[in-house]
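As structure tokens, the structure follows; a few thoughts come after it.
Chain nomenclature is as follows: A, B and C, assigned in order of appearance, with residue numbering initiated at 1 for each chain independently.
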Amino acid sequence: MSILETKGLMKSFGGIRATDDLTLSVEQGELHAIIGPNGAGKTTLITQLCGTQMPDAGTIHFKGRDITALAPDKRARLGITRSFQITSLIPDMTVLENIALAVQAREGSSYRFIRAAAGIPAIRDRAMALLERVGLAEKAEIETRALSHGEHRHMEIAIALASRAELMLLDEPMAGLGPEESARMVDLLTELKGQHTIVLIEHDMDAVFALADRISVLVYGHIIATGDPASIRANKEVEAAYLGEEA
Amino acid sequence: MSTRTIATLVAMALLAVLPPIFFYTGNAFWLDLATRLTILAIAAVSLNLILGYGGLVSFGHAAYVGLGAYAVGIPAYHWLYGGLESLGLATTSGLVQIPLAMVVCALFALVTGAICLRTKGVYFIMITMAFAQMVYYASVSIEEYGGDDGLVIDTRSELPGLNLDNPIQLFGLAYLSLVVAMLIVRMITRSRFGMVLRGAKGNAERVQMMGLNPYAYRLTAYVISGAMAGYAGALLGNFTTFISPEMMDWTRSGELMFMVILGGASTTGGPVLGAAAFIILEEVLSHFTIYWHLPFGLLLIAVVLFTRGGLMGFFRGRK
Amino acid sequence: MDTSLLVIQTLNGLQLGLLLFLVASGLTLVFGILDFVNLAHASLYMLGAFICASLTYAVGNFFLAVLIALPVTALLGWGVERFVARPLYARDHLDHVLATFGLILVLDTAAHLIWGPEGIAVPLPEAFRGQIELSETLVIPTYRLVIIAAGLAAAGGLYWMVVHTRLGMLIRAGASNRVMVGALGINIELLFGLVFALGAALAGLAGMLIAPITEASIGMGNQVIITAFVVIIVGGIGSMKGAFIAALLIGLIDTLGRSFLDDIFKLVMSPDAAENSAPAISAMLIYIIMACVLALKPQGLFPPKVR
């Protein structure tokens, strides 16, 4: 069963088509990677899926419901979360507070004025458990801006997990990571695979081919092929698109 | 306990102890200064909620203080000269005036905030100021309440068990109000609501991606802050027994902002330290020269250029 | 409502609008290119008026005084950029607002120290003291027309400069894409200084033009700056065209509102109610308009293109 479906998605910026008649179907529970040369419109696609940008035409369905015109916070509440290609955290809050806020957003009303958020065990414990899971537990009380890039990338994942989202849109989680950190991220994603439906945008081809159940290839805003890793690897059109870029 | 907390407690203790000493030793002038300082500190604390914790640079906070003062003055005026009896607003009762001040300010904050919060950055700064200017000009042009010349409040608010004509009692009320205001802001900013507010300051897009709509939380904080500033205004009206549009001039809003920044934004005690430093400095400098705005302005520029985190920056916080 | 009053008030509105544009154009340039909020911009308007007033007495000729005062205010603007604005570019708008708020206090007090607490009246040259009779009921002071002409000339000159000169090209490029100008290898510091100086000269010119009517006085900038901000917010920050249109709009609406709003109100309400509410509403009119514009278009009428 497909959890996410786009039909005929279009988005232009000043005459340039960033998304061009894009039709995509993501199955429940799969890790669906989206690859493509630079400028193919991958991040533009993510922003439309999570609602920060509205498509010019076309529809997006999530679990059979039309969410094309829904605001980002409403989509988040339906169960879509994203991580950002350029790390997007709350720099002046501690690591724990960042995760706790995501937990709190998921677990109940935030219109609570009396009790200190830090003193609520349910939130704190779950946030700590998530930090444990991404290997950042001992950094919990440190201000976020003080962490390294790699640690920020892992925080992004923890926040995505905190939302208990059914659909996670991960925008280049490995961007800028060293080999060791990349390996840890692949381990983490392997662990998450199967528990969540994941749309993964990634440039690291080794990681993509190791992780993905299915791969879609995006070129000039249009999906030219979708299939399992083996069939994508054998696809002539895909090869041409990539060779074309290198030439 | 962090040194920052200690600094705040010491400042609050001094503010509790010194004014009664002034009073009983006959230094009415210094008691007056302390009362004014305390009342403006409440306004600064309320501004800190949105400016410090919410990152919303409101350049119109003096309007709320002014509206709060008029909410004391106008009923008192009608009590003396007639009119508005049918609305129950011809009264000197503080139990009517003070809630009125807070409700009027909360409503004004709700309506204007709903518009202002659609904008960002410098647009937000300027539109908050524009709404304050609207209130300013409205008060200038309403002749019945004195217009440009202002309105004398003949009778202070009457509160059960309190006599606000007695300067030490008025100070006591202001001081207690300040403590309560500080505790409320501290509680709110540490609550789950406060986490969202602070999170949206740091990264609004991220907070929205978590499924929280920053707009609603910001508007709520804006309304709370406005009501609190209205309360401070009601006290200020009782203190000065005179209100004029000048209280709402944009330069007054600038001064409130400066108090918050000078003391240290998004800290519990910062606005109080800032208000104290501001008022005392103003008093001392103006004592020496009529040109005191010159060193004062230079100091303001120096504070912005060379200090980070205001006076509270000198003390170490938790973490 | 009689026509001659309408014509006179329209000219007054035009005059106010053009003066506002002279102040607002510098403000919007500085904000558009440098992303800097300068509350003290109108202090240069005040200083322009004072300097011109002193010079008028010193050299005995208003025009000569204006010609000397313009580069002096430009130099002052350059000084503000160098010593206050430049260290603050990397900071947020809040810091800009606070520091330039302090600068207003400093400049106002400096003016107080130099010129004393009283305002200084500026005598008009003989040629402009007269009035022009357009019809029997329509008499317009010559100097008002001079202000309008000078304002239009300055606006035209500015337009020509922005469209046709190299400096103008850089300004346009800078307003829409700051990074690109940096990448072109332009001396950014020089460009920023020039932009400030230009803005200061324009604001100063507005002060000089108004001085013979209102006299130069301490704090004369403090109301103008707020209105000028309303202008650039309504026009869309960074947009020259927006500033021009909004300035004329605000100038006309404010002037006409003050003189005709009660008449308009009388059409729909009792004369008493109209008399009572019109002054308040007309004083608030430009802020109401700003609020309406921002409620509909949060970035003003002519929002700058992509940043």
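Simple rule for what comes next: contacts are C-beta pairs under 8 Å (C-beta built on N, C-alpha and C of every residue); 3 or more make two chains touch, one makes a residue touch a chain.
Values in this document were obtained by computation on a predicted structure and should not be read as measured data.
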Chain occupying the middle, per Cα centroid: B
Taking each chain's C-alpha mean as its centre, the one farthest from chain A: C
Chain A and chain B: spacing of chain centres that average the CA atoms, whole Å: 43
Distance from chain C to chain B - Cα centre to Cα centre, in angstrom: 31
Centroid spacing, where centroids are CA-atom means, of chain A and chain C in whole angstrom: 49
Residues of chain C engaged with two or more neighbouring chains: none
Chain A: positions in contact with at least two other chains: none
Complex contacts: residues of chain A adjacent to chain B: 50, 52, 71-74, 76-77, 81-82, 84, 88-94, 97-98, 100-102, 104-106, 109-118, 120, 123, 141, 143, 159, 163
Parts of chain C lying in touch with chain B, wherever the complex brings them together: 31, 37, 39, 84, 87-88, 91, 93-95, 97-99, 101-110, 112-113, 222, 226, 229-230, 233, 237, 279-280, 283-284, 287-288, 290-291, 294-295, 298-300
For the chain B and chain C complex, residues of the former touching the latter: 51, 57, 59, 112, 115-116, 118-123, 125-127, 129-131, 133-134, 137-138, 140-142, 250-251, 254, 257-258, 261, 291-294, 296-301, 303-305
Interface residues, chain B side, partner chain A - complex: 187-188, 190-196, 198-199, 201-203, 205-213, 217, 220, 319
